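All chains are identified by letter, namely A, B, C and D, in their written order; residue positions are counted from 1 within each chain.
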Amino acid sequence: MLVESGSIVTNDILSDDVRCMVIQVPSIAAEAEPGQFVMVKNENGGTFLRRPFGIADVDREQGRILLIYRVAGKGTQELAGLEPTMELSVEGPLGGGFRFESDGLEAGGRTLLIGGGVGVAPMIYTARRLAELEPANKPVFLLGIRNEGELFWQDYLKDFTEEIIVTTNDGSAGIKGFAIDAMPEILSRYDIRHIKICGPTIMMEGLAKLAMEQGIECQVSLEKRMACGVGVCLGCTFEGMISGKRWKICHDGPVFPAEEVFEK
Amino acid sequence: MNFERLATDFAGIKMKTPVMGASGTFGFGIEYKDFLNLGDVGAIISKGLTPLPRSGNNGVRVAETPGGMLNCIGLENPGIDVFLRDILPKVRQEAPDTAFIANFSAGTVEDYGMMAAKLDVDGVDGVEVNISCPNVKEGGIVFGTDPRAAAAVTEAVKKNTKKPVIVKLSPNVTDITVMAKAVEEAGADAIALINTLTGMVIDIRTRRPLLGNITGGLSGPAVKPIAVRMVWQVAQAVKIPILGLGGITCGEDAVEFLLAGASAVAVGAENFVHPDAVVRVAEDIDAYLEAVGLKHVSELVGQVRI
Amino acid sequence: MNFERLATDFAGIKMKTPVMGASGTFGFGIEYKDFLNLGDVGAIISKGLTPLPRSGNNGVRVAETPGGMLNCIGLENPGIDVFLRDILPKVRQEAPDTAFIANFSAGTVEDYGMMAAKLDVDGVDGVEVNISCPNVKEGGIVFGTDPRAAAAVTEAVKKNTKKPVIVKLSPNVTDITVMAKAVEEAGADAIALINTLTGMVIDIRTRRPLLGNITGGLSGPAVKPIAVRMVWQVAQAVKIPILGLGGITCGEDAVEFLLAGASAVAVGAENFVHPDAVVRVAEDIDAYLEAVGLKHVSELVGQVRI
Amino acid sequence: MLVESGSIVTNDILSDDVRCMVIQVPSIAAEAEPGQFVMVKNENGGTFLRRPFGIADVDREQGRILLIYRVAGKGTQELAGLEPTMELSVEGPLGGGFRFESDGLEAGGRTLLIGGGVGVAPMIYTARRLAELEPANKPVFLLGIRNEGELFWQDYLKDFTEEIIVTTNDGSAGIKGFAIDAMPEILSRYDIRHIKICGPTIMMEGLAKLAMEQGIECQVSLEKRMACGVGVCLGCTFEGMISGKRWKICHDGPVFPAEEVFEK
């Protein structure tokens, strides 16, 4: 956990409103685990607070991390305007990341990764890690996107996944509907033992409930507006469903067991 | 950093530098230990404590605004008892030599007194009384905008502790010097200002207030000119020392507060942006002293030439 | 721009759009004619006029601050008589169809009345009474922070004019609704808020206040959350229409004020940065109305859902 | 007088703290006269107000203007960080510029231009204009700088001037001292009929008094902190010494007759 001045390597357009940025931050890259995030700040820009982004992928050899971000407001607009060689202040890696449990996987069980919208970003690195941990038993990926314009995610995922099942809101690619609509088929075709999700709360809620009903171990990655990212401002807390504890998403998460977040 | 030049006795609280971490923006200090040397921090001011645990407000709690931010945390904290049992010992272990100031508030004058008594223990070097939290419905605002209520709280606290008592004022008043004089007369050992200004953002897509609590407290660089003005006004109105804060991001900002009349300063929202800010600001002040040839930071206090 | 959607009757002042140029930031309107079509401006609010010509404060008068600016112009203006004789005719020639609101202040209640009487002439569509200028030593501050004085001024003005009277409030008060109710009761036809917040910057090189007048008025985006909060509070406290301003730079900002309860808005410091801002903000509001499918801007007023 | 989005052509280092920027702003370049200024704003930056800069030179054919600026604070620091092809919002040309009077010049009289510090900037374009108006009677230039590190100004001036007399505070180049110290020699060697000055107030005051004493027509270019640059904020006014009028430096100036500014 440190603040590192990073040099922007690339900052490219993936779709209308999604960009990908590679940043040279060797110390952070050396530590970053799947599911962790960074807080970035353009020191020459007009915004005050840092902005949080999931670590989409890591190249430890080159000392680089990948961010994939949607242009949502002033801060991300400014990010989109930065050019290679410019500097960006990066704080991280923050939070704890996903827990990897292997029970059930020896016997042909699978991990299902689910990403919705820009929530797919941290799932890339997560998929890579799973594929590295068990090359013979790569995760299945359920990709919930708005339309075919967002199929670029597949390019990042294909090497690390057994199969990518796509749902689009408008049916322009894959199954028409929401991610959850693909679940019956996935559960019938695979022996899913673990589910890890990052996406909009409403999407995660439905999927997590389904997982809990089916008794599948499920972790969700939460998001809330953050000011500090390190557990001091208390902007991002919530009350654990089971423990009753006040959790800080930035510090204790962003990944939590589904049971601690959503009612069964 | 030349600690000889920076060492400060603030109302009896001995600090290595005149720069503190502001309440609610510095946790209990220990959260930042990866980013700075806690031993180089002037003082840690704790997140605001209350008689009972509080879970704070629902909904969005922090939002960026031009040059600053709004928050409506709602004084989430584990309560005074958990603090004394679990947190204070940890702080004293991780930062044995750093001054620690406990910030607290309550809903009644009696509870303010009770909190002060509970905090009158080893390991606490002083207390900061929050009478100005603008986003907690059952407390704060009443005390912070009424000189008599503020005086009553101050007296109750003073009666119950031997620690130096800093009363933290709300800027949401017509005349800050009236409040300052009231708490000075009531026995405050020092005054801290400013707390946050009440603000509001409306999300034009949902047509709802962005913050869960409708309004929140504005802080950050945007409020600095207001804070400097108030410190300057109060410095002329009272004799007790002033802890200046509001929008400090660098040593130059801090020097402005010192010149205006603050004997020490605190860094608030800037900690979120640069987690080493408290130490960096102290280093910057030191560099300024060096550059202008002053021997001690106290030589700057109140030295603005009108 | 769809003027049907934007046409606004503000307290009897007929405007093509609900967006005005704020006093002191828009000259007399005509200075901006190279940058925008004066016919597309909702209303021009004049620089603050006073009974006699004023040359304003010495020294530095404007300074940038984080997300905004400070000013201590000190109400420099040619005086009411020169205004009526030389300037008003020019304004009416260059902008014959644009509403023109005369902003003014004075040092005594009587002079406020006298000013109102002098301004009760053709070519002036309404008056805005500045009771809140924080940087003029012999006036302003007293009226703007005392509900009785504010009411007295309002009554004196109302007695001397048939024009709609907008009273412009100072944000430097503990409870803005007290002031708003006082001037409503005294007969104000509308309320404008906010004027500037008092701030100070110290130049750490010279160790002197940067501004010639020591303190100045803070405005610009930095103050927007405070302004929106006050508009929202006042909208619940009074029945008369509100002119909302303070940090507006774009249509989204303006929509926030409308949702909070303002019936019209004014653009201040942003004019300095983008001299076409008043018209651009109106266009942006229009685009928002189009996007969300509303037929008239009035459908937004006060519609924030709590 | 308009606002034009300009593309940065070059943004180079001239010394420690002085930069020169060429901006593509054809409409402004077509109108700009010597002594006028622009107000610039980096729309992606962190400052609020525009910043005023004298127009140091104009290339009407290419539609470009030159600014020479000292890195003084946050705004100019941000400017210094901008790179070619980036956009800058430019408002101008503002103010009225220098008045060119030719009386006395037929008979061998000269114009003396004086620039101090970054106040030299607008004098480059002024020198160019004078050299174009009367190629046979180029102006004499008195350059008041801190030290030899600021001699770069000569490169901009040499083609448009008869002679450049340099003073430096530390004596590292030219005459040691202030600009005014070179005046006796200049007045003895040239028949100076007109003086135009831009520099720190204290420097202009001494020089203007001398000019007034000698009965030489003298114009000074003033500077004051500006918010609007177009005459509405009244941040930059002063009272005319002779007329008693309230002048706006941005709108009625920045150039004024010396008598209107300084006591005789």
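Operating definition for what follows: a contact is a pair of C-beta atoms (placed from the backbone, for glycine too) under 8 Å apart; a residue touches a chain by one contact, two chains touch by 3 or more.
Everything numeric in this text was worked out from a predicted model, so none of it was measured.
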Practice task
Using the contact definition stated above, find the chains touching both subunit A and subunit B.
Solution key: none
Fill in the blank from the handout: So, in whole Å, the Cα centroid of subunit C is separated from that of subunit D by 36
Exercise for the section: Could you tell me the distance, in whole angstrom, between the mean C-alpha positions of subunit A and subunit C? Expected result: 47
Exercise for the section: Quick one: which residues in subunit B touch 2 or more of the other chains? Expected result: 67-68, 220-221
Exercise for the section: Could you list which residues of subunit D touch at least two other chains? Expected result: none
Exercise for the section: Examine which chains touch each other and state the graph shape they make (line, ring, star, complete, other). Expected result: ring
Exercise for the section: Go ahead and list every pair of chains that touch. Expected result: A-B, A-D, B-C, C-D
Exercise for the section: Could you please specify the touching residues of subunit C with respect to subunit B in the complex? Expected result: 65-68, 70, 145, 172-175, 197-202, 204, 206-209, 214-216, 218, 220-226, 228-229, 232, 247, 252, 255-256, 259-260, 288, 303-306
Fill in the blank from the handout: Per the touch rule above, subunit D residues touching subunit A in the complex are 44-46, 78, 81, 83
Exercise for the section: Going by the contact rule at the top, pick out the subunit A residues touching subunit B in the complex. Expected result: 1-3, 41, 47-50, 75, 91, 224-237, 239, 246, 251
Handout entry: Contacting residues of subunit C [partner subunit D, same complex]
Key = 24-27, 31-32, 34-35, 47, 55-56, 60-65, 67-69, 71, 73, 76, 78, 220-221, 269, 271-276
